Amino acid sequence: MPFESKSEAGYTIISIDETRLDASISESFRVYLFDQIENGSSNMMVIDLSLVRFMDSSGLGALVATLKKMGGEGSLKLAAAQPAVLDLFNLTSMDKLFTILPTVTEAIEEK
Amino acid sequence: MTDEKSQTVRLEIDSELANTTLVAMAVRGLCAMTTLSPVEVNRVELCVVEIVNNAIEHAYSSEKGHKVEVSVNLLKSYLTLTISDWGKPMDEGQLGDKNFPVDADDPAAWLCSGRGLPIVQSLMDKVEYQSVDDKNSFTMSKQIRWSSSDLI
Amino acid sequence: MTDEKSQTVRLEIDSELANTTLVAMAVRGLCAMTTLSPVEVNRVELCVVEIVNNAIEHAYSSEKGHKVEVSVNLLKSYLTLTISDWGKPMDEGQLGDKNFPVDADDPAAWLCSGRGLPIVQSLMDKVEYQSVDDKNSFTMSKQIRWSSSDLI
Amino acid sequence: MPFESKSEAGYTIISIDETRLDASISESFRVYLFDQIENGSSNMMVIDLSLVRFMDSSGLGALVATLKKMGGEGSLKLAAAQPAVLDLFNLTSMDKLFTILPTVTEAIEEK
């Protein structure tokens, strides 16, 4: 499984050990995130995107689905998005729904 | 790319989502023959991935064993990609919308899918869909902007 | 490339020397999915260019309008390229020599051609040639060396 | 034509305005070089390879043919070869026949 989570300062930090978050793994990524909400210790999440060079609309869809499922409870922040990923968020206006911070540390510290 | 002659290479994969990366990386390599900037190359990659995945997921219902063809055509001023499948044709009504409306206060309306075609229509200069006989082809073109130093 | 599964993409060009670059650049892009170093990627590019050019020049006598196919197969530990033509088969005796003898003092013996196959045989880990029915295929493989950090 | 020549310090400097010296242009490159020998003002030549990222065996063949045609008269030096080109010369032992200098200036100055 290319997804991992650890706890830090009250947050669950989820990292993706893949350079591509695309349709071949988006559904298992969504399931992983849903599991975190249902069984995880915390609904305060930071997703570390630092290794992800490429994301497509299905990766974006998994993130939106997770945000919807949280239903306004807790927090889902994104960290360390690379240029192509940022470009995708801006293009699709998803930067309006997601808080994207340059580093995981800044994501944790951000209020 | 020093004359107006057109050059074409055809790529072919089997209909598995894991194979889309192969097309993406090959197209990235081909983009190095053009004057596209790194940001534009990323966008071309995104568009080709969206349309190849659509062919696999929608035309072939995610069934392995079918052919997806990507024809890459380089002209002095255009890069054209044609993605073809021999599966279920797309309803052309799908092409048209290229907006991304989003209301942060209305979670119920947030879309978890359906952004592939609007992305491609936003990023490409020209988009076309055609079904001829059994073959469905999605064609998209991007203008290759020339820097002034190339206009000698 | 995280499992032992094999991934394949087929490239196809028309038999014109100017088209070889398309294959070269697409293969360079695909090599970015491997652990090959920049020097090794350059060498893979050189090998694929030599064999594609041979197919065009020798199998098709530099005649346009014929198909050259390059199948790229990625395994965890091997990159395999198969270049196929449907033209004149190669005399297998051509494969064997991979030396580059040169006597600086004997200009008459300097070769102006004939280095393509020796180059490929020197740089690739495995080389094979097969004619089945009308299809002639030159297969070459390169081991993808894993850094120790990948061996976890 | 992607080949150009100019005179400098008794040398003819030939430059290649292509990133690839491959089979699609090698024969016209050979003809260009033979022309230089037959009609050129000088048989002291420096070939500026600085733009050439890729060379195949046919490019090498054009250079060997030129060196042979010169028959020991004059001089043919190569300048500014990029890594892949140097690698090709080393691999094929052609570094034994050709003098390759880091820059055109050094090629002119080299005795």
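The letters A, B, C and D name the chains in turn, as written, and every chain counts its residues from 1.
Methods note: contacts are C-beta pairs under 8 Å (C-beta built on N, C-alpha and C of every residue); 3 or more make two chains touch, one makes a residue touch a chain.
A quick note: this is a predicted structure, and the numbers were derived from the prediction, not measured.
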Mean-CA-position distance for chain C and chain B (Å): 28
Inter-chain centre distance, chain B versus chain D - centres from mean C-alpha coordinates, in Å: 41
Chain A-chain D separation of Cα centroids, rounded to whole Å: 54
Between chain B and chain A, distance of the C-alpha-averaged centres to the nearest whole Å: 25
Multi-partner residues of chain A (at least 2 other chains): none
Junction residues of chain B, two or more chains touched: 18, 21
Pairwise touch network: line, ring, star, complete, or other: line
Complete list of chain pairs which touch one another: A-B, B-C, C-D
Interface residues, chain A side, partner chain B - complex: 20, 22-24, 54, 56-58, 60-62, 64-65, 67-68, 71-72, 83-84, 87-88, 91-94, 96-97
Chain B to chain C touching residues, read off their complex: 5, 7-14, 18-19, 21-23, 25-30, 32-33, 72, 74
Partner chain D, residues of chain C touching it in the complex: 16-18, 20-21, 24, 38-39, 42-43, 45-46, 49-50, 53, 56-57, 100-102, 104, 107-108, 110-113, 115-116, 118-119, 122-123
